[in-house]
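Following are the structures in question.
Presented sequentially are two complexes of chain A, the first with chain B as partner and the second with chain C.
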Partner chain A sequence: MSGGFEAIRPPGRLQGLRTWWTMLKISLEERLVYRGDFVLGTLMRFLPIVTQVFLWTAVFSATNRGDIAGYSRNDIVAYYLLTMLTRAFSSMPGLATSIARSVRDGSVKKFLIQPVDYVSFLLAARVAHKLVYYAVAVVPFGAVFLLCRGYFPPPPPDATTIAAFLLSLALSFLLGFFMEATLGMLGFWFMEVSSIVFGYMLVQYLLSGHMFPIDLLAGVPTGLAGVSLADVVHWLPFEYTAYFSAAVWLGKVQGTQLAWSLGIEAAWVVVMAVACRVAWRRGTRRYSAFGG
Partner chain B sequence: MHNTDPNAAAAVADPVIEVEGLAKEYRVFDKPEGLAASVRALFHRTSRAVEAVKGVDLVVGRGEFVALLGPNGAGKTTLLKLLSGIITPTRGTARVLGHVPWERADDFRRRFALVMGQRNQLWWDLPAAESFRLHQEIYRIDPARFEKTRNALVDMLDVRRLILQPVRELSLGERMKLELVAALLHEPEVLFLDEPTIGLDVVAQHTIHEFLRDVQRRRRMTVVLTTHYMKDVAALCERVVVITRGDVLYDGSLAEIVDRFTTHKIVTLDFDEAPERALIERFGFPCEFRGPQVVLRIDRSRIADVLPEVLAAAGIRDVSVEDVPLEEIVAELFRSDTRAHAAAEAGS
Partner chain C sequence: MNRYLAILLTFARACLVRDMTFRANFLLECVTSLGWMSMNLAFYLLVFTYTAEIGKGTGWSKEPFFAFVATGLIINSIVQAFFMPSAEELTEMVRTGGLDAVLVQPLDAQFLVSMHRIDFSSFANGAVGVGLLAWAVSRMDHAPPPVAWALYPLLIVCGVAILYGLVIMLAAATILMGRNQSLYDFWFYLTNFSRYPAEIYSGPWGGPLRMICTFVIPILLVVNVPARVIAQPFTGESWGGVAAAVIAAAASLVVSRIVFQRALARYRSASS
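Right, the complex of A and B next:
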């Protein structure tokens, strides 16, 4: 036998974790190459929220009501700021399209040849992407939240709420990642996924709470007795990528309802992680049989 | 002209690659011409099967350096993709290092490498040293051993000063050298090379030849290479497998291919001044006049008889007798197969 064998260490218990750590570090370095682009991108994100605030100010002055679906004018501003924070965790710009591209241009082959798992690799790269983003974004985010602290309802949330909030953020990252990665894996079946991604973004925009608080849908009937559109949306994964964490911080979801919702979110993370894995397996099988 | 010996498996000691009846069929969709036809194709697509590799048998022993030759579209790259497990075959079996490649077991993937001349495996925006580090992790290479192997490889190719520079800033030749280092860090037992010298200048080609020959001998690595450059073959491979239209046309030593498929030698005569044509043409061999130089193609069977006579011609300053260039032999081999195929088609 040649030297190949001796060079290989028996897999330690922590080997997988160490490989992942190395992938993370290298992805971090790669992201830092584009730090200038990041700074600009981060600042641009604050623009849409300004229009949202103007729009809602107009709505409130037109209706002459103190609150809409349980949100005062101040609550709405706080809500939009919080969804922006949630989306900093859950949104995965370019993930689906880059997976589809790697299938189309053949660079995915590398992950068939080398003893490395593509999904873990993508996850490491995305964590790195986010960490660099937070490092850049912490200053403008901090400044905006400090300036807008007056919009937040006076009693600060208790420790349980804060813990639930942080947990929901972490889960929203995983949920966003696995949903978009699964979408990207469709690239094994379709040459171009950008229109699918566009459709997903549209549904996501409407049902995640990015456009308006889901509470507004509580009055929309579905045709089933006693079931509103909001009730249906609570069982879908979308609102956990924007609305949910904001609602937790604002105290809109509490007690058993909070525990239930966290459970639903965690369940969706598992479902999408499995879906992503299955799509990868089937996709590579198809790729091997038809393309290559 | 089928030259594959069915008992070849028994003949090869310590077989590392064993392929039997391996075939790969692709389904291609015909894209019709014209707008109306394109609209119809939206509802009804016509497809046909294209057999890229049809029933290849091949056994490669440990430490062999094999060249896969064939015209474009002959199925060379498809065969390499099958052997490295990127694609699954339509039928047939293959074992590489005892593994079925397309099962993609990690144990198998840690023991081979594939380098494609037209594809990057290094991280584009980072220095190669970072990609090497990642390879150390994913291939689980012992740190001390990694250091030693990496240093040896970068010194052999004289690229140590390049490993801290972002890959995108490097030239094609420099990138290829670093790709090879990356692929060899885990000391693969089997190496597949798909046109590794494509687009490289003569100096870089030469460096890579020396490097590959050296590493292959030292490690007793099994290497299968596809190429269009006969220089690669002449410098590296003792065994040549010629593939045309998905089938093995010839499998044997490089020396034998020259021996079997050349009918004549090339004799170059240098005169003091341009000779009279009739003087040379009387021998009756095809000849080419280049001023004071004449190139003759003389039948191998007759060279011993004819040469003294030729040399007796007045005013010869220098003479050389050479084999037909490898390029020409292989091109002739491809062409004769195409002719035989056309004849068979016409006959049937």
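Right, the complex of A and C next:
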């Protein structure tokens, strides 16, 4: 009897690392099965950018402005390309719906009795997914960026900016993960979250800067004195999943503002990680599973 | 023909009953669909705060451009309502062998595969499209002549027919390959090219792209021709676009029919 209970005792640090590594390896092998689908999917994701390039070229040809909200035509194209890169880190396709599904079909209960932390398992699986994605996507991404290098403003960013850019990408991955995982945990309270997820995706697409640079909203009033719509969007976490990294590379955020913004991004990661944990704890407390 | 119309009405009634059984879900689908559309409209409004027109001298200023967008909404809502839900189910039908049940029916397989499911929530965008068109046309500098109004519904049908042909060809690819989720994603990315006036595709890259999307895969004719007829001055040159749209629609229907029949001939059941 006692042996059975010892088996579910929380693992030691070394054993925990080994479990994490095993989860990562399993997920890597799963993902590599569909590598052909990955390459095709990655290339196709650049197609909407093609229309954006032509649209903004047409807009700039019709206006006498050299720039719009501080962006030249080349800056805008570079911005869209960079948001593609940021979204490759922060987007978590299927994460929220898969969590909600596991709650609905009961498969989540194995994580309640096994010495494996569900959130860590999901994180490991997502890291594996991303590693495979980057390994495969580096070719189409490299080709597109090489082809479009003329759109990026000279000179290339300095080492500090590149380091800040890479840090912002890593944080955007964590932020995107915890935001979507928290959303998925709503499955403990609602049977179906697909509509909520779709609503979130809409808001995210608009407010993250994926649709257009947030700076374009700087001239849109909110009704509050001295507060533009861009200011309101800057108070929310969404911009760190697309806009921020692109803005860092393009030199739109510099100096103390850059350090301050990275700090805010890290704080949002902590807030969303705590929210995810709280949702998991409260959700599992009210969760009940019946049968095999 | 009457028999197929009666069956289509039966399908429509069954789908409407189903949608009304889950009314909250139906309303939510309408709201999310309208939300996506509103975001796009907001984006275009934002663009027009920085420019007077899309492309220098193209004539696509704010009101004509919104008439263009409205035309796209109307055409896409018809395709999304009538054809896409059925086509999306086809992948699963091929994988599970459910297509066998379709093939043994005494009805045309293409009709059953492409029209058995109707998504009424997609009409929400179309309704907004009609309202947006009325708003845009009433504010344009020139009123469309009667001939433009007469041609507009015909060209909408042509646009729908071109997209329907594309859906059917993708359905044929599903039958041949068994699984083609990426190809359906491709459909959405491809139709993305039809969202803007053809004039934006210019220059060393845009020119060839415009040619391909006009003559090889006539995706640029879908929205551009009806929108141009209603939102731009109607001239003798407009007839060329009308003729191209009618020919492309007919060709799209014929070619997709042939491709679909050939795919069906190579279908091997997955069921036991």
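Assume the second predicted complex is superposed on the first by the 275 of 292 C-alpha atoms of A that agree within 3 Å, B and C clash if a C-alpha of one lies under 4 Å from a C-alpha of the other, contacts with A are read in each partner's own complex, and residues count from 1 in each chain.
The working rule: a contact is a pair of C-beta atoms (placed from the backbone, for glycine too) under 8 Å apart; a residue touches a chain by one contact, two chains touch by 3 or more.
Because the structure is predicted, anything quoted here is derived from the model rather than measured.
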item	value
First (chain B), second (chain C), both or neither touched by A:120	neither
Partner chain(s) touched by A:26 [first = chain B, second = chain C, both, neither]	first
Which superposed partner A:51 touches (first chain B, second chain C, both, neither)	second
Which of chain B and chain C A:160 touches, first, second, both or neither	neither
Touching partner for A:68 - first (chain B), second (chain C), both, neither	second
Partner chain(s) touched by A:222 [first = chain B, second = chain C, both, neither]	neither
Partner chain in contact with A:41 - chain B first, chain C second, else both or neither	second
Contacts of A:109 with chain B and chain C, given as first, second, both or neither	first
Shared chain A contacts, counted only where both chain B and chain C touch the same residue	none
Parts of chain A lying in touch with chain C, wherever the complex brings them together	37, 40-41, 44-45, 47-48, 50-51, 54-55, 57-59, 61-63, 65, 68-69, 195, 198-199, 202, 205-206, 211-212, 216-217, 219-220
Touching residues (chain side chain A, partner chain B) in the complex	1-4, 6-9, 11, 15, 18-19, 22-23, 26, 29-30, 33, 106-107, 109-110, 112-116, 285, 287-292
Partner chain A, residues of chain C touching it in the complex	25, 28-29, 32, 35-36, 39, 42-43, 46-47, 49-56, 58, 181-182, 185-186, 189-190, 192-193, 195-196, 199-203, 206, 209
Residue ranges of chain B in contact with chain A within the complex	26-27, 62, 78, 81, 84-88, 102, 104, 106, 109-111, 113-114, 119-121, 123, 125-126, 130-131, 133-134, 136-142, 145, 149, 166, 186-189, 219-221
